[in-house]
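I have a structure I would like to understand better, so I am pasting it below and will then ask my questions one at a time.
Letters A, B, C, D and E name the chains as they come in the text, with residue numbers starting at 1 for each one.
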């Protein structure tokens, strides 16, 4: 276990103490932060480890939210609906991945971006199942009060973050991670040494979607109401990438820190610049890319920098 | 000798360019074959077609009794078909050890990363890179990267090994060292097909020479016979040289 | 530009005012201010709606503060509205709501825009026991969750489509076939479904019912198809841009019908301006219309007075969205004054007991909190103006047939 | 007759789609940058036309002439100052960069123009012409002709002018172009400027047809994406083919399956095209 | 004033990123002559040409042309000194017509259209085949025609020194002869030529003087005829016939 992985686990452990200090609003922010950290860490498996510029995060977030939401709305308990959302997302992603991951660079980016659109419209038109454009109402779990509810969903999301982080670390230490790293560095050579790149990429895509989808499932239960344009929002794809870029591509610690730093910045900007916050966000992105292209962690974990070249 | 590889009328076309025309060729177990020809003759394309990097547009490739014409690269690699690249293709961020370990790991299903690293050490030692095991591949010298490429290919326990210009860009001492390695591999019973520009290496190592020119196979036989074949001399060194060789010869 | 510049200037000024108030509020006068939270979709696809909401709230706050404030037990409190942008994104709306309740310490809340976001945020109001008025949520599902703290100023959607169908049925006996085209989005789709129901209930033949995707740029194929079906009534729902586009392409393709209805476009002055002559005879329905003649007991008094004040401030006529925002504020004001305290429980009870005439119309909340006392007007664009056709007490003209 | 009407609709709309996509395609083809600001540039062009018409009664035809140089300079400067610094970075970085720039431009437009919908309504309106029972709106027809003229001008620039040849050369073989003495950075900036100018002009034309709001930028961008992938990158004829194909898919698709499915269909087709024929209908073969 | 050498290199080093390929090249290309550069694959000939045309930076050493230091110059400046590179593999703009390719060759010269016409005609006179197909896409030409087009494109840059990488690669002997004849004519008209060629006899017969490269260094130089008899050529290149 490397030092940065230990730091990450320690960081996640510290976050668990949040309910002791913050009120409901702090817990909401904490839940959102955990959620985005899950998205960013999951994206990192495909984008950071395997070097494929995926914009499909929002597609699988929405898919998971809808699988979870539909099941919850039909009375399934959260503990069953979320794993099913995760597994469903995994299967859909792995199958699609086998076809999409043959594309490289720009073409892959666009195809993965288009997935959002396709999924949204499919959900939109499956009115009988999903409510279509009318959105989907998810019944409140027996409300035990503001704080109890907030704490429950915070810990639900936090646990998923922990599992995701452990998954990402396990992957990066495993044969799978080793293979993905080979693919990022040189896919031709990876094929040449007998690595089934299609299989590995599909698994990576599926794994990444699995945790994103699970997060979507928890999210659906948390907000009680989802509609297609909310959950299939391209920002769910872009923000994790920006977070990973802020933190430094590849390292799980960097990506997680990037997520927290980004959300902190966003909260500040959002509070202080109502009218122009998205512009300010744009300026931050542009400045970041111009002046800190390797992210905050670039000093600490220089090895990961090279990942950018093949990304 | 039993055959290990058979090409039947293999062709490859890139748009308007016919890179390989109707190549038929048999490689027997234990042979060391030199594949030569001027730049652009189609040698590397041939290797790419056999290894599945670029699919053939016509004909068939049979390896060890199995039709591998449409088999994916990673499958043929696991079948025992391995190669080095003319332009070395290391995993640049990996250490030399992990480069070789990757080859050992993925060529055999069920191999563990730990076991693969162990095995990789042996192959690194064989090519004389044990001292560089922990060094990042991108920082190795060209000669070292060429040897790394060889160690990678060996880690896959190949039945048939393609060497694509392993000596290009090396100095004479390095070439001698590489030649010695190839000799040793041949002695270990690995079938080798090598693309090589240095004729002294070809003549030193190979039992048979195959010549490509403009995508066609123009000669195939014993080194002596091939080297005095006027068609080869003309293709390889130019018409005038062929004439002069005729005058002198 | 001529229109937008002063508007922008006003908006930024009101923001400055709000900011200044916020600053001062945190200092000495904290007790003398009642804070209302209003999460708005200032950016993103719903941004045009946010501006209307903000105009409505601002107008009310300005009037109250001009009159000295809300009097609670003999003491005058100034009104301050805390805005926040939730980027047309429902989870953000919920987050903003919670932020306002817990961080900004608002006394009362306005719901975020539309039924979806209002519903999502309503559970927070319930948990925090925060009296909340939804000024733009019509869907009954928002209210029948058994919540005590949520109130709404829009009647259910069928109260728009039913009177419209009745008028068409009475005045246009030739209408047999109806084509319905709806934006695949919460409110437009819900309206379209109500329309389908009421058409069928009235014996009309619904020959076409389709949804179009959000962000559709071109309707020509759809309209060609509708044209080939030759319906006498074409009913389209969507937001202004959709409806403008559909109207433009209808005239491009020379599609004519006895009746063309659009919801919610014609209720908005922008639609009337942009559609120009092509808007003629398009019918619509909304929860309120400036032509209404109510004699309110609220701070605005008569409908005419409200329209006058609005014109003075914004140089344009108010529509139902702006008026609903204003009346929501006025309802809070009356409830607080009646309760004589800022206690949330008491104000909630006062709201629930509301039975008052306003410039918006008679206001009584049903057991679910949704208003049930309103009869929404049906109107038609005639000569570049919206003419009210029903209810009879505010009727301005007769229904005209034929849209070319 | 219904089929003929659908066909004519698609043909006209297809040319407009091509006009939306052509600048995007040029930038993608030459700079290898997926320019997410493109949609906002189009909207900005539409606002320019609207402002000139409402404020100064300048007809959109003159607005085209004003928009072209203005937007060219705008694009040129953005490329030189910002984009060029990351031009060699991987797709992730360039894409995120243009996303950030788009946030800025779009937010600026919302701030300045507000998010409500404007409409440029010509007085008097141009009406429609009908041949047999097939109706074609005149403004669309005129915009289509203008769009074709714009693409024609681009074609001529690329074919006939020295700088145009250099743009094509950089697209085909960057290194060889350097050997010819082409200043690649300057060509990048010029190509980006041209792409921006085309977006601005497209915006002026779209103002005649579609309601104007910063919020429509994503719709334009989406169309540009699909048209490029369907038709092939960086080619004028490809953009035309892609535009018409997309319009046909949407038209026929919405007639057959309902309008809600038309967009889905086009994006599914986009993915299928990407996988099976990433070079597009006319990609790589032609450059013009 | 006529310089004796159009290009003079002293201790020139260059490479790609961290990989050094050229290890101190000393070389002079005399004005008005044909100079050949020979050596095995990977000896660094192409890298040298790329350094000379400014495609890759010179790391150290001097690079003079007509007394001007070009070691830090970019491709555009070097072109303006009349040093034109016809790259290996021709690198034509395949989708552009022959004429457009030729016009690209003149890109860096800001000259009148009449002058361009005249230069075009000169190329067409040298290679009449190109004239016949001038509106055809260059990518559809045969190998020989492509090489003509590439040389023609180089000529459009009004070179003082024309550098050709792998003239005869993939061409039939007849075509090579035609090209060699064309080069002789151009040289007779005063153009200096630097030729990288793997057909050793062709190269050595054509050139006035030649340099042999190996491992990124110049290992021998001399007149073409001298080198033909030099055993080092056999070592480096022709080993085959000696065994």
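Keep this in mind: contacts are C-beta pairs under 8 Å (C-beta built on N, C-alpha and C of every residue); 3 or more make two chains touch, one makes a residue touch a chain.
Everything quoted here is computed from the prediction, not taken from an experiment.
Chains that touch both chain A and chain B are absent from this assembly. Farthest chain from chain A, judged by C-alpha centroids: E. Farthest from chain D in terms of Cα centroid separation is B. Spacing of chain A relative to chain C, judged by their CA centroids, is 36 angstrom. Separating the CA-averaged centres of chain B and chain D is a span of 49 Å.
Put simply, the C-alpha centre of chain B and that of chain E have 31 angstrom between them.
Look at where the CA atoms of chain C average out and do the same for chain E: the two points lie 76 Å apart. Contact of a single residue of chain E with at least two other chains is seen at no position.
Within chain D, contacts with two or more other chains are made by residues 107, 111, 222, 260, 263-264. Looking at chain C, residues 43, 45, 184, 211, 213 sit in touch with two or more other chains. Chains that are in contact with each other form these pairs: A-B, A-C, A-D, B-E, C-D, D-E. By the touch rule above, chain C contacts chain D in their complex via residues 1-2, 4, 7-8, 43-45, 47-48, 50-51, 181, 184, 210-213, 215-222, 224-225, 227-228, 240-241, 244-245, 248-249, 251-254, 270, 274-278. Taken together, the chain D residues at the contact with chain C in this complex read 1-2, 5-6, 9-10, 13, 51, 54-55, 107, 110-119, 121, 125, 128, 130, 135, 137, 139-140, 209-211, 213, 215-216, 218-220, 222-223, 247, 250-252, 254-255, 258-260, 262-264.
Listing the residues of chain B that touch chain A in their complex gives 51, 53, 72-74, 77-78, 82-83, 85, 89-94, 98, 101-103, 105-108, 112-113, 152, 155-156. Residues 47, 53, 99-100, 102-103, 105-107, 109-111, 113-115, 117-118, 121-122, 124-125, 238, 241-242, 245, 275-279, 281-286, 289-290, 293, 308-311 of chain A are the ones touching chain D in the complex. Against chain A, in their complex, chain C makes its touches with residues 12, 15, 42-43, 45, 83-85, 87, 89-91, 94-95, 98-99, 101-103, 116, 119-120, 123, 126-128, 141, 145, 183-186, 188-190, 211, 213-214.
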